[in-house]
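What follows is a pair of complexes built around chain A, which joins chain B in one and chain C in the other.
Right after this comes the complex of A and B.
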């Protein structure tokens, strides 16, 4: 009795596996058409056996069987490479067969599972799982490829000397007196390393945290405690908007600001503060493109909303009875705020801060127009650099006129691995904190 | 909540904390205003010089030329469409699997996994552009394995998607959006009151029928709001599209839906214009100004989408008294 439905289930599973493999490789060209023929037979057999035992069958199964037959014929007729409609590409047959296999395989798997489990209402629920789970599995495979590739390519490159050496590629002339005549000797230093990028990432995170923590907490407290409805809506909208508008808009605003400072205040203290400075190997004072503090100011515009929202959530989550208890024994609003509300929302604030740090370490859209190779050192007033920018530089360095791509382009996966470890580690920490928060006292 | 704030406001006098937090709370508003002012101020030159030609479809710089930004706008539309077509159903399925179709620890596992994946910064996806190209685009769309003599006979040989395409950008972008979108959709589905579903179950509907006919229609404004935010994120992303598509503004793709061509979206075009070659000074004043104008356009669209999303969200919350 179950033979036909289990055969259909088996065949549709094979069809789905074949479809996912066809997305990845071109060499399975011989199999989709036979698979469709067998699927047609399996579905027809299922329908006929159900009909013989005088049970109702869904008409969609007949339609699916027909579609399987049609696609088998279509795949037989298709040339290997398809070209046309003046599309810029040679579309390989396997992408079409993969789409057909998945598109027909998923519903057939659903129906086969339905009849395999006895066509009950519970079976109808369970039979939806292939439809829900298959796309999810495909996308998770893509994520797995990403993480796997980063680990495989990045982790073996890491070693201690790479981590403690700063990248440096500088050349200059020194003046030497010989026989009463000045002579210029060219000198170069070339060091390969990630130290400044790693330290820069942490410095950027720290500066962003220092700037955005008080502001974020202040915004959260004001919105919760003092803001009227209209002002509250305005502040909430502006914080949401700062996160939602593209980072690139913040970046060009920062660029305009740098431009103004560079033109109007050239050579002044403000110029050095905004652009950052450091000493070259020959002792010359150089300005960079933007300093760590300036970059952190703009990144903190992205982090303030996270911390503000976390603070507000924490303040809102205080059970009413605790707050009313404090007010009932005579504490003022301010006293309650400082001694009851803020300590209560401390874990939320820390969670927001950790998430903000993860954001700051990976933030690139803001700084990739104003960061540098980090040869001017890592101090709050030096030129911005970070791991994220290093990876960007490894791909576009030549266009930007530095030689990091030539010398360190192969180390981008090591940097990506470090960055992945930092951001994912911080995110996991935030998730653990969050799960602790949800288990707190929620009020009587 | 509402009553609470009025009591607070009545009781609080003008205290130090209030003043300090008010000053701090003004910072985001002022920053947003400063950004808008800067964009408007810097795009005067573009509006004055290029005028209405900014909205044409041809980009042809020079004296008396036209600086049409429509190819970039169309590029944004294409890449967002590709990303959302992949990301929206997958995120919805993930949210459904975590809620109505969950069993055992499945919901908790999905939430943790998505939480961890949401920590991956865009540059990681962008750095793997070559991997996805070699793995997917080259074999499927650019004739990997064909010899040059065969390729030269093909009419489109000169424009094979060999160094990036909108499709590649859209696929990588969808990987970025899915961890962002899933928690929002999860919230929208989770917040549908259980009594509604219970009523459906009591009438004999199974879980799938309840999901399709009760849960999703009730959550539709929440889902719409979440999808809008997803579109906004995809629109504003610059790093992945920079790696996968490029910076140069070109012609409109022919035919219009050709996602195998490189049609740079607005964000990277802004980078190309205002930072040409990434150095803040080297590009001309006019191009920088056009970059600012494109930024202003992006900002206005973002505000419209954000407004619609907020409206849908408030409708959702009002409906279920959240």
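Right after this comes the complex of A and C.
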């Protein structure tokens, strides 16, 4: 009686695919109700065939068949858009049908697989597979669609000149002599390019790494080696809490602190150091224009906990025996730290660093408050720009007072593609480095 | 009870013909783990240049005793040691622990090579204490003492983790010999080894007799019988009996010792 169970398996797979697609589009809304009818027939057929061959069947399969029938009827009765229930908005019925399809399709697939494999205990184990695999497949599919879209839309836009030109939109007046009289006419330079956004991303990642790597590793070492249990818990808790603070809260708090400091002597000094890039001449903070250094400092607040935690975990993963072995030959704690513990936790530190760089390259909330179009060039004291902010600017630049949306709005996918390439490249580099280090130090 | 033990102990020490460095004398050693008294006032002399085995049931304080000899016990939370431990007349508990550990090497229960190459493993101690010496010659002599040179001379730059467990343990012995200690502490060195590796390990312990004072903690009676010159029997934090290996195994003075050795109780 393989036919009924394989048919049920086929139908429930189709139901699952249909459900996944219905999550994304409402153009398939003609199909869910027929699919439910067929699923009902398939499950009933399976139950009947098992009953005819005098085998025990699980009651859940009857319940599932009933649910499929009810769902088909409910979907027929639903209006196209659902309103009310204190929901401020409209819900298209394809969302409901997708949820029903997935909710009934997954257990149906499990039971169909169970009977398809012969209803043995081993089959019972394997039949859990759809339950576990389906979410994974769904998420992977979502990622694949997004990456595919970025590559399809972004890669063709890229060319060499886009990469080496910086965006520039400047107007000025120039003196021209006409009929023996001077005349002032307006001139405009417009350059289309991503160079400063790309360089800015790298600068932001580099500065963040320079600031947060020593501090993060230091905190990790301190918590592992020197802090007592209570202090260790306190530091670990506060770094985790710091990590959980949203970037925008950190950014506005930090900015307002700088603003307060600004009237004092230190504020004046700070003002002197970053003159012109973040402050009006009267010393007031100009929100929305600030420097890479500040942006990197704020992002570091989010990255330090990541690196500290990664370092600490790496240090903790060294077997206690090896550390004691080093001390037992007369090495000092410091020598042990530098020559045994730190090399051992290098892979973890690299992982933390890559996560931190990804954080810096994707940070929008923080640099949103201090970003610009990058026309002043890419130096640590210039206004911040990065690919992430560029993509934001491509969509909302006009509201922000930037001209990027007008001239480069269509290049957002090129920027997204570059960001993807940078992040993936960084991850691959880290993986290669990690495997080399692991082979060298751990011999595996 | 203590008198007979002490007398036997002193006799053993005076019978060592050659006076050499590396003699350890313990006076009224008490060890605590938090509130628990692990060692209850032990008096013991480890004869220099000989192999002394410490035997006893689990939890009797063997390892605490061994680890307090090179002050590794201080690293464990809540472990405290009172009393006197004299290494060639100097009190260990007042010495700089790092200088002390150069003189007292240790081999652990499980092999713990460093995540480095074989050569770097052996030179680690020398580099850590910035000792000037001929590196290649040191590597060779240390590996020869641990009976590893023939097996490993072609692969000195391989990772130490690539070795077999038995080789790793002998590498750990070679590593502790590199800083030329006077005493070698062995904490159940053969407990994770297969029989063939155990025999090789025991033969290198026997080969090092006379050159180093060796103190070995073991659960294996055969091993104690085979490698040691003297045996100390510890029970519940007390030193019950000390004597020559033959005497302890063949004619123990105390009933507890006999019961433990013959495997009647515990």
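Heads up, the rule we're going with is that the second predicted complex is superposed on the first by the 326 of 444 C-alpha atoms of A that agree within 3 Å, B and C clash if a C-alpha of one lies under 4 Å from a C-alpha of the other, contacts with A are read in each partner's own complex, and residues count from 1 in each chain.
In this section, contacts are C-beta pairs under 8 Å (C-beta built on N, C-alpha and C of every residue); 3 or more make two chains touch, one makes a residue touch a chain.
A quick note: this is a predicted structure, and the numbers were derived from the prediction, not measured.
In the superposition on chain A, A:238 makes contact with chain B only, not with chain C. When chain A is checked against chain B and against chain C, the one touching more of its residues turns out to be B. In the superposition on chain A, A:343 makes contact with chain C only, not with chain B. By the document's definition of touching, neither partner reaches A:144: not chain B, not chain C. By the document's definition of touching, of the two partners only chain C reaches A:335; chain B does not.
Look at A:214: by the touch rule set out above, it reaches chain B but stays clear of chain C. When both complexes are overlaid on chain A, the residue A:90 reaches chain B alone and has no touch with chain C. Within the superposed three-chain model, A:155 lies out of touch with both chain B and chain C [touch as defined at top]. When both complexes are overlaid on chain A, the residue A:322 reaches chain C alone and has no touch with chain B. Residue overlap on chain A between its contacts with chain B in one complex and with chain C in the other: absent. Residues of chain A touching chain B in their complex: 23-26, 81, 83, 85-92, 94-95, 121-122, 124-125, 128-129, 131-133, 135-136, 139-140, 142-143, 145-146, 149-150, 214-215, 217-219, 221-223, 225-229, 234-235, 237-242, 244-253, 255-259, 262, 289, 301, 304-305, 308, 316, 333-334, 337-338, 358, 361-365, 368-370, 388, 391-392, 395-396, 399-401, 412-413, 416, 419-420, 423-424, 426-428, 431.
The part of chain B that touches chain A in the complex is made up of residues 1-2, 5, 8-9, 11-12, 15, 17-18, 20-25, 27-29, 31-32, 34-35, 38-39, 42, 86, 89-90, 93-94, 96-97, 101, 112-113, 115-128, 131, 135-136, 139-146, 154-156, 159-161, 165, 171, 174-175, 178, 206-208, 229, 232-233, 235-239, 242-243, 253-255, 258, 260-261, 267, 270-271, 274-275, 277-281, 288, 291-292, 295, 298-299, 302-303, 306, 310. Chain contact summary for the complex, chain A toward chain C: residues 319, 321-322, 324-332, 335, 339-340, 343-344, 439-444.
The part of chain C that touches chain A in the complex is made up of residues 70, 72, 75, 98-99, 101-102, 105-106, 108-110, 112-116, 124-125, 127-129, 158-162, 172, 175-176, 178-179.
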